[in-house]
Amino acid sequence: MTALPTTRTRPNPLHLLQGQGALIALLALLLFASLRYDGFFSLYNASSFFRYNSMFLLIGIGMTFVIVTGGIDLSVGSVAAMSSVLAALASPHGAVAGLLAGLLGGLAVGLINGLLITRLRIEPFIITLGTFLGARGVAQLASGQAAVSVDSTGRFAQLGQGDVLGLPIPLLLLLLTLLIFVPLLRATRFGRTALAVGDNEDAARLMGLQVDRTKLGVYALSGLLAGLAGVILAAQFGAGQPTEGVGWELTAIAGVVVGGTLLSGGRGSLLGTMVGVTLLGLVFNVLNFENGKGVISIDVFWQNVIRGVFLLVVVLLQSRSARRGPSS
Amino acid sequence: MTTTTETPAPPRNRAPFPVHRHAALIALIALILFNVFTTPRFLTLATLNINLTQTATVVIVGIGMTFVIATRGIDLSVGSLMAISGAIAPLLFLNPTLGPNIGTVLAFVLPIAATGLLGAFNGLLVTRFAVQPIIATLVLFIAGRGVAQVISGGQLVNFTQSGFTALGSAKLLGIGAQVFIMLALLAVAVFVLARTLFGRQVIAVGGNPEAARLSGVPVNRTRMLVYVISGLLAGLAGLITIAINSSSDSNLVGQNIELDAIAAVAVGGTALNGGRVTMIGTLLGALFIQLLRYTLLVKGVPDAAATVIKAAVIIGAVALQYRRR
Amino acid sequence: MSQPTFVQSTASPLLHMSNVDKAFAGVHALKNAELRVGPGEVHALIGQNGAGKSTLLKVLTGVYRRDAGQIQFAGEDVNFTSPPQAQRAGIATIYQEVNLVRLQTVAENVMLGHEPRRFGFIDRARMENRAREVLGGMGLDLDVKRPLADFSLAVQQMVAIARALALDARLVVMDEPTSSLDDQEVERLFGVIRRLQAQGVAVIFVSHRLDELYAVCSHITVMRDGRTVHQGPLAELSKLRLVSVMLGRGEQELVQQGQTGFQRVAVKKPAGQPLLEAHDLRRPPHLRGVSLGVMEGEVMGLAGLLGSGRSETARAIFGAEPGGGELRLNGRAVNWRSPQAAIRDGLAFCGEDRKQDGIVPEWSVRENLTLALLPHLTRAGVVDRAEQRRVVERFIGRLNVRCSSPEQPIRELSGGNQQKVLLARWLCTSPKLLILDEPTRGIDVGAKAEIQSLISELAGEGLGVLMISSDLEELLEGCHRVTVLRDGASVQTLEQTELSEAALLAAMAHGTDPLTDPSTLSDHEAPAHRSAP
Amino acid sequence: TGGLPKLPVKATYRVCFNQSEMDNPWRLAQTASMQDEAKKLGWTLIFTNANGSAAKQVSDVRSCIAQKVDAIFLTPREEKPLTPVVLEAKKAGIPMFIIDRNVDDTVVKAGTDYVTFIGSDFYAEGKRAAEWMVKKTGGKAKIIELLGSTGSSPAIDRQKGFEDYVAKYPGIQIIAAQTGNFTRDEGRKVMETLIQAHPEATAVYAHNDEMALGAITALEAAGRKPGKDIMLVSIDGQKSALQAIIDGKLGATVECNPRFGVKAFQTMKDYAAKKPIAGRLINQDRFFDVANAKAMLNTAF
């Protein structure tokens, strides 16, 4: 009897790097930047980087949950804007009130998304395109079409501007969220069901899994986290901003995909998303520092081109390694 | 024992009127009726002209988008491609060395060719490199506007070149030229989709890519072509936009049009996950959204409230198409 | 009206569905259907393609909502509106098409939805042990940590069965569980069913293979056109009588027909030209040297155990996954890099997975049928509608496809009729060489005979056929020659005179059991990756 | 808490200019003016573009703070969200100059938290446009107002300045006010619809020149004669608007000068030289109408 060569993957140090195109790119960029620019690796730069990018990272977490079910949530940017307004309006009643107002606002839109998607069985792209418009409108109506100051006497602003143990509070909120959501995706029935739904929704249904409830759950989560991002937005910048959050959904989606999550669903990694979103955010930071060198001044318009090309390179890196990479 | 029964032919009840298939049309008619009764001076040629001309670019881009969506793709780059063609054209017809005639002709040809090529680039990413369409076209969505800005130096270019601006200002029977271009393209697209080999293959690719491949459909070539078509049409839409305004602003031309086009396609009844495609639906969807915007403007609804109403009505119109199982 | 012909003596059946109606868009799929299953009974459910078996079972488990009728389960009236409800009530179901999630591991597929948990978190080790235990109980030793997509369709089917077992149900519903299994695995499954029976678990078993029904079932329900036309103990029903009830035709009429629809004996082995020659096809790790030849007018069989590389061979020849090796068509060396190229040279390939690789679900029968022919129905890029309609009508008639009209979406057809449309898709291209991968899988006896006789007829007209089948009878009766594969290589070609069940089995079965030896099944370019964009 | 950060006198400086967006001619002119002046002086200018996002603009300012530049020129996207970062710059010892739009002066104060505000008075601009309109129409008009981007401070102030003034004239009525987002294309589309719904309109007030130019296209297409049977006034004073005045289509435009380069850097040098700086430096903007458009054409941006 002929024995087939086993094609099983042996743990191979090179294999570990495969499928990690984004991580490699991130490390390379960090190394490059820290060697080239003064002040890049400063505590100030790092903490202000995360203070700002924590919003996208949070949204990326929710987006990952949605995308592993094979869905998409275009409403997150508008929801963040809306929640920032709600939080700012509620902030005079205390930090907790502000936080809750933002979170509940986001949750409400997430639930609406989830209900419409599961009840009417309309593609998520369309429903969330609708709430993308709707939440923006609500943000403008609620704010009277102008930024709303947060209460400056209370502690609400601390949620965005404060530090604990030298770490910015938004970053801590992010870490806390990760601590909850990584196991939620990996090791709970909800998380596994979410993956199963993205893999094959019909099969998941016939397997007796709670498909609709799970889908409702992921959109609710996405809304909730967009709401949290909105709270941070209001607290950090001292104002609820009805016009903010434009294009955030695309940043989040790109970050999720760059992080190695399948856009078609069924497989995803939150840590990958963290790498992806960080990488895309870092490009802005590095471009600003490069201009500061005064060696070559990169024209504004070229900056867009560079960002696009950079996305292209990372995506190509990722798509090639994804095709070669191990199947687990 | 066993009764061996003769089988009566299964009774075929006539299905009730398929509301879901004509949702866009019904919504459009309802909105028209609403205006007929509540908006003064609604039934005029001017109203027709305004709404049709303002929809023309969305429909033209929407035709390409329908092709792309029919293959389960999506094209976010259309707005940026419009800006690129809008940035290239003035360089040609304002170019003194080319002269006005050659320059104008080239201004119709080269920008569209360029965006067609960029469409091919999208297609290449989607087919050769297996990048998911939303990400593949996000690259040009970001970089493309930068390219347009670099071409124009970011400057707004004003011009009064009548040969070229005719594209936006010429009228026939009181209706703008771009409307006729739109209708002609739509007729061609309807025919292509329904009657030609290419059209059927496009739908097969969207319906089941693997089955299509095994049945001899050149899947990659088909997907490539739809992105090229989308690129070409976006290029044309860019030219129309700058011609109407007699100015080209690479920062703004085509901004957000991808959302309008996708919404039109969806409201029209094309499924985003393949299999169900309607070109006329895209026209109806775009007209519906346009008329909705018109209505809200005429009624003086403030911007913020209008946005909320628009969102609800669009979701409602799409929901009409989906029957519960 | 169909009256149950036999009232069961069991006082209280475990399951009793009565007067069930279900219509899709006005077309009745079920009309007054009845199903009565006693506790611990293995109950056969049989009927032609489209008779309504799957629909009845889906009504039971809440996938579809019934229009009328009652369902009693364990003495109570029930009305499940979703599969989870039925599952909780103790009904585990294996649906007709394998319905699992391919990117997740075997263990997860077995345990999803009822994983052992600790503090709310899934206890992975316990989950894997439990999965291993259930699979082990079926005599399977798989690496449960590998993604399901790494395994062949047969293993996936076994995993689906394991999942049902892991649910500890009181009623296990199996809708054609054996259609992608070979004899060995079928035996294994029977072992499982008998054990379930011993434990007092009832089983509903759907199959088109009559022998299987007689092997394990005690009772039977026969359906025809959405109605229940017979119920009772199986032993009382002769095979001939069963087929006669099922088809609604007289027994005499049937006696005249043979077991399969093939007429090979009538057509002598052709002395034609070698049509296709394949030499040393390779595509590691699955193909490691396959050589075979097909003559004009010949039906060449391709036999082998599950995972022996038959489908892979077909796909390699057809250019779907081109590999190394030599291919000659009519003596001319060819190298097809895509199905398109192969089709242009007169090949046709009807694959084994009709849901994934075959149908365009939203499309009508008409469009599905002419998909491959489309380039030839085209003049100057425009499709000739009239010609298309003629082709469609001819083939619907010729293959006896049951559909309300050519414009009916194919997804609404029963499995067997979908298969016929796919066959028609290729026949209408008038190919020189037709490759069929499991052409009669999941097809009822009537339709099966029709398809088989069609294959013979076409071969008689000079078509070369390469037929993959797990049904030995089909190979023995239908083929002029059979090439046997083992572990991705051709090991023997049996000439017509040498063909016998013993010879085939001997050639196929030498060596390890491919199901339990993970190395022969290991596979990194599993279908999931291939089809992912 | 201490006063403003000190700035030493040096031959060259490394400074940041944090632009809010780059999507209209006015912003382009403003950026070019800053860049040209920096080049002329031989300074290093770190330019960032927030693409219309206040949050990103804050992050841009912070990356400038991290690079320890000598000074920051900020043209805030919005008043309130940019306020916290003003304090961060102060804390990092970097003097800040606010340009064009202001920050929230109930929280941060010129002279203590940032050096000064340099810009135009949007409210006054609206008022000047209104004055012209009243004079030109003899206090009788039905006006369509094209608003700027919803919620932006120029849109709010220009609307208020205008409407406060015309409120005193009962013959003047604003019959429709809708946003055209400061762009020509939307200005045109909105006007196409509004003029059809309100054919009785006799005047148009646009919050910027681009929208006014779009409106002219729309009015002509609707068979109206801008400048004759319908009067237009707008704000900005860009070259193509002056040309429209010369052509008799646009009535007048209030200048809102984007050329901050010379004044901004001169103010910074004065600050380094410890000269007293007022907390609010308002540009002396011109007013263009048929009387001076031709002469001024080449001085417009």
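Some points to look at:
Residue numbering begins at 1 within each chain, and the chains themselves are lettered A, B, C and D in the order written.
Here is the rule we use: a residue touches a chain if its C-beta (ideal position, glycine included) is under 8 Å from a C-beta of that chain, and two chains touch if they have at least 3 such contacts.
Predicted, not measured: the structure shown is a model, and the values here were computed from it.
Between B-D and A-C, more C-beta contact pairs join the chains of A-C. Separating the CA-averaged centres of chain C and chain D is a span of 72 Å. In whole angstrom, the spacing between the mean C-alpha positions of chain B and chain D is 35.
Put simply, the C-alpha centre of chain B and that of chain C have 42 angstrom between them. The set of chain C residues touching two or more other chains comprises 533. For chain D, residues touching at least two other chains, in rising order: 22, 150. Within chain B, residues 130, 132, 149, 154, 271, 303-304 each touch two or more of the remaining chains. By the contact rule set out at the top, the touching chain pairs are A-B, A-C, A-D, B-C, B-D. Those residues of chain A that touch chain D in the complex are listed here as 37-40, 42, 44-45, 48-49, 52, 55, 140, 143, 145-149, 152, 157, 161, 233, 236-239, 241-244, 246-247, 284-285, 288-289, 291-292, 294, 297, 300-301, 303. Taken together, the chain C residues at the contact with chain B in this complex read 1-3, 5, 23, 25-28, 222, 224-227, 229-230, 244-245, 248, 318, 320, 338-340, 343-344, 349, 351, 356-363, 367, 371-372, 374-375, 378, 381-383, 385, 404, 425, 531, 533. In the complex of the two chains, the chain C residues touching chain A come out as 63, 82-84, 86-88, 93, 95, 99-104, 108, 112-113, 115, 117, 120-122, 124, 146-147, 149-150, 163, 284-285, 288, 487-489, 510-512, 518-520, 522-524, 526, 528-529, 532-533.
Residue ranges of chain B in contact with chain C, taken from their complex: 1-7, 10-15, 130, 132, 195-198, 200-201, 203-204, 207-218, 271, 274-276. Chain D contributes residues 22-25, 28, 150, 176, 178-179, 183-185, 188-190, 192-194, 196-197, 199, 213-214, 217, 221-222, 240 to its touches with chain B in the complex.
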